[in-house]
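Each of the two complexes below includes subunit A, the first together with subunit B, the second together with subunit C.
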Partner chain A sequence: MNSETPEKGLYGWLERRYHLSSLVHFLRHKEVPLGAHSALWYYLGGTTLFFLTIQIASGVLLLGYYQPGESTSYESIRFITTKVPFGWLVRSAHCWSAHLMIISLVVHMFSTMIIKAYRPPRELTWVTGFVLFALALCFGFSGYLLPWNELAFFATSVGTDSVKSVPILGQWMLEVLRGGPDVTIQTLYRFFALHVAVLPMAIVAIVGLHLIFIQRQGMAPPLGHLKSIRSMRFFPDFAMRDLLLWLICLIGLTTLAFLLPYGPGIPGMDWELGKKANPLAPAYPGIKPEWYFLWVYQLLKEFPPHVFRMEGPQAALLVVTVLLGVWALVPWLDRNAAKGRLSPAFTDLAVAALLFIGYLTLMAWDIGGHQTGNAQPDAQAVARTTGLLTIAVGVATTAARILINRHRWFVFSGAALVHVALHGLFGLPYLTAGVIAFWLMVAVLAALLIHSRLQARRAQLVQGGPP
Partner chain B sequence: MKKPPAPSPSRRGFLNWFLGLGVIGWLGSILYPVIRYLSPQQGSSAGGPVKLSGEELQQLQRRLFTIVRSGTDRILVFEDGSQQVRALAAKCTHEGCTVQFVPGEAVVWCACHNGRFDLDGRVLSGPPPRPLPRYLVKREGDGSVSVALEKA
Partner chain C sequence: MISATLLLASVVGQLLRPDTHLLLFATDGGAVETQVSSTQLPKQVAALLTEKDASGKPIISDDLRSYLQSLPDHTVGLIGRSIDLEMLASADHLKILLSLKLSPQAAELVFTDNCIVCHTDPENQRPHTLFSIDPPKDRPHLNLKEFLSDTHFRRGLSCAGCHGGSPTDKRMVDEIYQKWPKRDARQKDRTWIPEFCGSCHSSPGRMRQFNPSLPTDQLAKYRESRHGILLLQEKDSRAAQCVSCHGVHGIRDPKSRLSLVHPQRVPETCGRCHADSSLMANYKLPDGSSFPTNQLADYRRSVHGKALLEKGDLGAPACNSCHGNHAALPPAVASVAQICRTCHVANGTLFDGSKHKQAFETHKWPECEMCHGKHAIQKPTVEMVGNTPGTLCFDCHAKYSQSNPECNATAAHFHQVLTALDAQAKVYSSQTEQLAERGLDVAPLQESLEEFDEAFVKARTTIHSFDRGTFDAAAAPGKEALAKAQSWLEKARREYRFRRNGLLASIAVMVFLAAVLYFKIREISSRS
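And now, the complex of A and B:
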């Protein structure tokens, strides 16, 4: 604003007090880099934030009627969905937007991984994003218990039981989390406090930090272009596109919430209330957690009772922790991207992660396991069918990467496919297949390292000439 | 000009150390009551011997198994092929789901991760790392069933 002609009206009044002109100046000059990859990837953080807003708004509405308690939790949810006008819609919107938020968040995270937007100086943006992913999973897990139905009870029993795998403090942590040795209404009280107070405060704080980092540093330009070739003005060009996409998301969400108020009926994406929780009822056949926990669920199922000196679940959860730890530390592990060079190994790591998680998720859905007509799915038939599916997707992706993206590095995704083939097609136990694939991968990585060292040495000798 | 004497490093070090100790003490005095507050009031407790109620006996007759509570333990009471009543811990040793008796296959099964146990609680297949603890169970002359506190 021109300081010689002071603004009038409300803006002028605010400007004189809060100096908004610097903010306006910032918005006017903020730009979004465009380049080697689609600008679509830049909108996914915004859609995740949009679904989070819907979560908060619909959650507040649900709080108007929900009553935590042994004889009120289940009953109040039933009251909301059957008696309160549009109560079914509010609950449906809350559940749908929870799933859509996780989908948007996961796609955002993988796209950030593939375009290497985590590279310095944006390491902490990645880390805060990873924390937000963990918080979103905690939201899903704690919210799952609140209807106090059968599914909620067993999902929470299994999920919280995993905590006892933590050495030394495990049992104590389990009891603190549950409010006792077993899942009871005390657990629900604790999860309610987490779901409506602790986690919202934490997520708002970390979202704030994540956004501050992005505003301070701008969006990451495409790799290999320190200053991107083209750019788009954030305001109004990008912001209006963002708004349009949010409108499309809102239309999609309301359509889904209206047409499928209890979910699409896919195991792990289904919120029929069912029966009230009864700690003295056995777990029912086909019980599954939410779709984003299915890979961990299947891993727990595939691990043998004992691995070395550990119990199976403990070993499985150690593997999950190590994998998530590697994922969180990617900005520091990817040295090539840090130096602005192409980083095919980490693109391949993202593809391998998708194949690894995809295969376990497909197996958890028991695809191809009911062909024999048995009530219980045939585990070998499931592994074979889902193995073939995963390999088909893996081969198609690799072909597309070779032909379109000219990728030449497939060690991690190759190891993931070998793992799937050994388990699904050759019938080896999951862990044995995984160990063989892992050591094959290590051998290939060692061979590649030796080869590159030898090449460097040869180049040095050629440069130096004959002695 | 004469420089003022620099503060003694040992004095500064002592003050820093003292301040650090104060911060730790302050944090501890806040965290300790919070941790005590959040720790459950009651830990695991085994209840006394259990006598099956009329409803539980009916359930045992109808579907050949029932699940009863004793303290914080859940116990699976079932009738095998030779009409002998048996009792096992109902909490799966894998991830804590509640197991059930499958009369047709004469196994105890956990639906969560497909763990299977024989009628003595030994692991037959699947991921459970340990057998299910057994309980002593007795059927009286009047048809009532009681589960003893001691594990078999």
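And now, the complex of A and C:
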């Protein structure tokens, strides 16, 4: 566009006021790098954003009919799904989209980890992404209670109860969260406020920040391809591909919402309304949270009542907090990637995290437990079956990494597999197996460090430099 | 991160709390010793605490010392008094009483009662007079825990209440030996027991002091019962008396699930004798045939037994609901139907107005029992009625009333209508489940099916009128409910088709748009 020729029409009118030409110029010249890995990873942020948009749109539609209250929450959701035209579709799409958003977000996060897109100068993009992940989980947790049905009521009671494990402040935090010592309608009011006001404002702000960072810094080029790099125009090439993927996602979402209106029926991914919550009714066994919290749920179960001088749940939540803290600080911990070098240890850390979370989640699903009636499934059989599954997946992934990606660093994933094998196949308690695997990992890391130091020293001696 | 910092800080804080160090030494004997000795115990009690066993360990463990410390001063004083009276002479004896971990109130009662203190001393009592926590299996009445849970003890009636003497007696007084028949005689001849229990339980004045709402006619009823006649008139000491059903030294309120006469335990309690073939071999039925022992097994698999024992429905009848409690007798032919009517009123009324009533009276048949049986009563099914061999109607009429085609036609009609309705309802019910899984609103459908269920039960009940007109009138609402359900099913199916077609149309539009986009992307890619 020639800046000297005044534009006519609406664009000209806007240009004179808002100087759109700079934005158009930015879009025309914005490019997406292409490299060794698949460009598919660059689309996952977009799909997550798409599902978030669906969430907001369907959430607003639900809000038109939903009435929070002891005698209205459950009834209004029933009304939405049975009487409101297309209400069933809106609720089903809202629930499906929530789960698909988390799936997309998790894949996006792990792909970012594996391609090291978090490396400087994009540390804050990673951190804002991590905060968005936490917000998405809070959305899931707060939204779960809103139908005020039996399952949601008991799952929220169990879920919020774990807050008690935070020392000193635990009881106070629990009462703030619940609006009293127990889950009551006060809890629903608080969760409703969080779900429709606080969290949306926070997520819009952080998504905005995340997008600004991406636009200012561009997408991270693949490691080792900083100079001779191919690229694709963002507009229209990448944007149209994004749009096509969104359309495919929409087709998938609509089909799922129609075919499985109450979810696929696996634990933690089921939103059939069932019975209305009755705080006086006894809790039934086998209450489980949403699938993305299952690994924490299982970890709490695996820890003994007392660990060293701490309560078991307290220790389990400390482990979770430390792991999530490490995950959030990865851009600063990964010094190889920061210098533009390949960083196999952190690729392996991502694989180990998947194996660790995957094993716990599979156990929480009681796979191989042969449950009959109300009897609890056999924990040892579950650990054995899920252990074998995890080891099979771990071995296949390692083989693929060796043969296809030519990876040679497997300390973290190896430790995760040793942990699974000791617990699942040899029947050691989960914590004991974890401690053994941890110290084994530390020993191997120490040996590797000594070996690399000796090699460096030898190289220096060969070159005749000072020792 | 804030939460992580808080968590870490709090964990460190938790570890550094001074009371955490106390916890570390909680199992240390020295620490507890200091704690216990901080309060003054009577010196004779403190002396028992220092006693040690053969291996040198204190006989009274730290845990029991802490418990002793927690008892009120007055109770501890009573322990000291028992030691002074030489009723509590050893640490082993004290250990038995402390290990019951009684509430302070119960402990006060125990240490006030010299009978209990003395009869729990392993060094001074003979095996048949020693109360302990783990008595020999052939002497369950010497179970100390059971005795302290007994409803009589809890209401202030202790040993002396039945055995005589006084809780403050320091030795066995003559009254105790004179109150009951001599041991051999009282075990051989049990006729004294009902009268003995009745001395309180038949006295309204006496019962008013303890439990004014409890009836006082048990003994009068018992005298008229079969058990009472056997024991009191025929002097058969094998016959059940008070202790046989209520137990001894562990008697609880019948509302307690531990009571032998709690509704859910009544069948088992009666079965202890009535399912014992060797004991029942001593008795004959009035017609001379042997006494059956399959009642308990039959009851357990009956609809009533399953409701009471498996589903926990305390409203379901147990043995005593039909036979009576203290006045237990087999119901006579004339009264069977009246007993069933206490719950199944509507069926009884319909039967009374039917043609069968007269026929049953003529044959002297027990009404309900003829078709439904007695102890093994099963849930009635449609297959019970009909005009084919194997159905109750056909088999009975073939034997007693062969030349009545109208009866057979009526039975066939009952069977045909009920079978058709039931089959149709099952189909609708399964279709409703399918539609519910597809996310359709099935609440009105379920309501119609619930209406049908109610009408179906009523229609089935009217079979007891054995009248076609009455039955058809009762079955009509069921047919209407099913017609309503069918129209709701049609509506739900239409809605499903609308949704499916809508999905297909929208997918077609989206696929078309996606195809357009795809070709546009290819075009742009080839240009650039």
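Rule of thumb we're sticking to: the second predicted complex is superposed on the first by the 457 of 467 C-alpha atoms of A that agree within 3 Å, B and C clash if a C-alpha of one lies under 4 Å from a C-alpha of the other, contacts with A are read in each partner's own complex, and residues count from 1 in each chain.
The rule we apply is simple: contacts are C-beta pairs under 8 Å (C-beta built on N, C-alpha and C of every residue); 3 or more make two chains touch, one makes a residue touch a chain.
Remember, it's a predicted structure, so these values are computed and weren't measured experimentally.
Of the two partner chains placed by the overlay, neither subunit B nor subunit C lies in contact with A:85. By the touch criterion stated above, A:157 is placed in contact with subunit B alone, subunit C being left untouched. In the superposition on chain A, A:9 contacts neither subunit B nor subunit C. Residue contacts after overlaying the shared chain place A:237 against subunit C, while subunit B stays out of touching range. Look at A:321: by the touch rule set out above, it reaches subunit C but stays clear of subunit B. When both complexes are overlaid on chain A, the residue A:254 reaches subunit C alone and has no touch with subunit B. Of the two partner chains, subunit B is the only one touched by A:282; subunit C is not. Residues 154, 157-158, 161-162, 172, 175-176, 178-182, 186, 279-287, 297, 300-306, 311-313, 376, 379 of subunit A touch subunit B in their complex.
Touching subunit A in their complex are the following residues of subunit B: 38-44, 67-69, 72, 74, 90, 94-100, 110-114, 123, 126-130.
Taken together, the subunit A residues at the contact with subunit C in this complex read 78, 81-83, 88-89, 92, 166-169, 233, 236-237, 240-241, 243-244, 247-248, 250-251, 254-255, 258, 261-262, 309-310, 314, 317-318, 321-322, 324-325, 328. Interface residues of subunit C facing subunit A in the complex, by the touch rule stated above, are 1, 3-4, 6-8, 10-11, 13-15, 20, 437-441, 443, 499-500, 503, 506-507, 510-511, 513-514, 517-518, 520-521, 524-525, 528.
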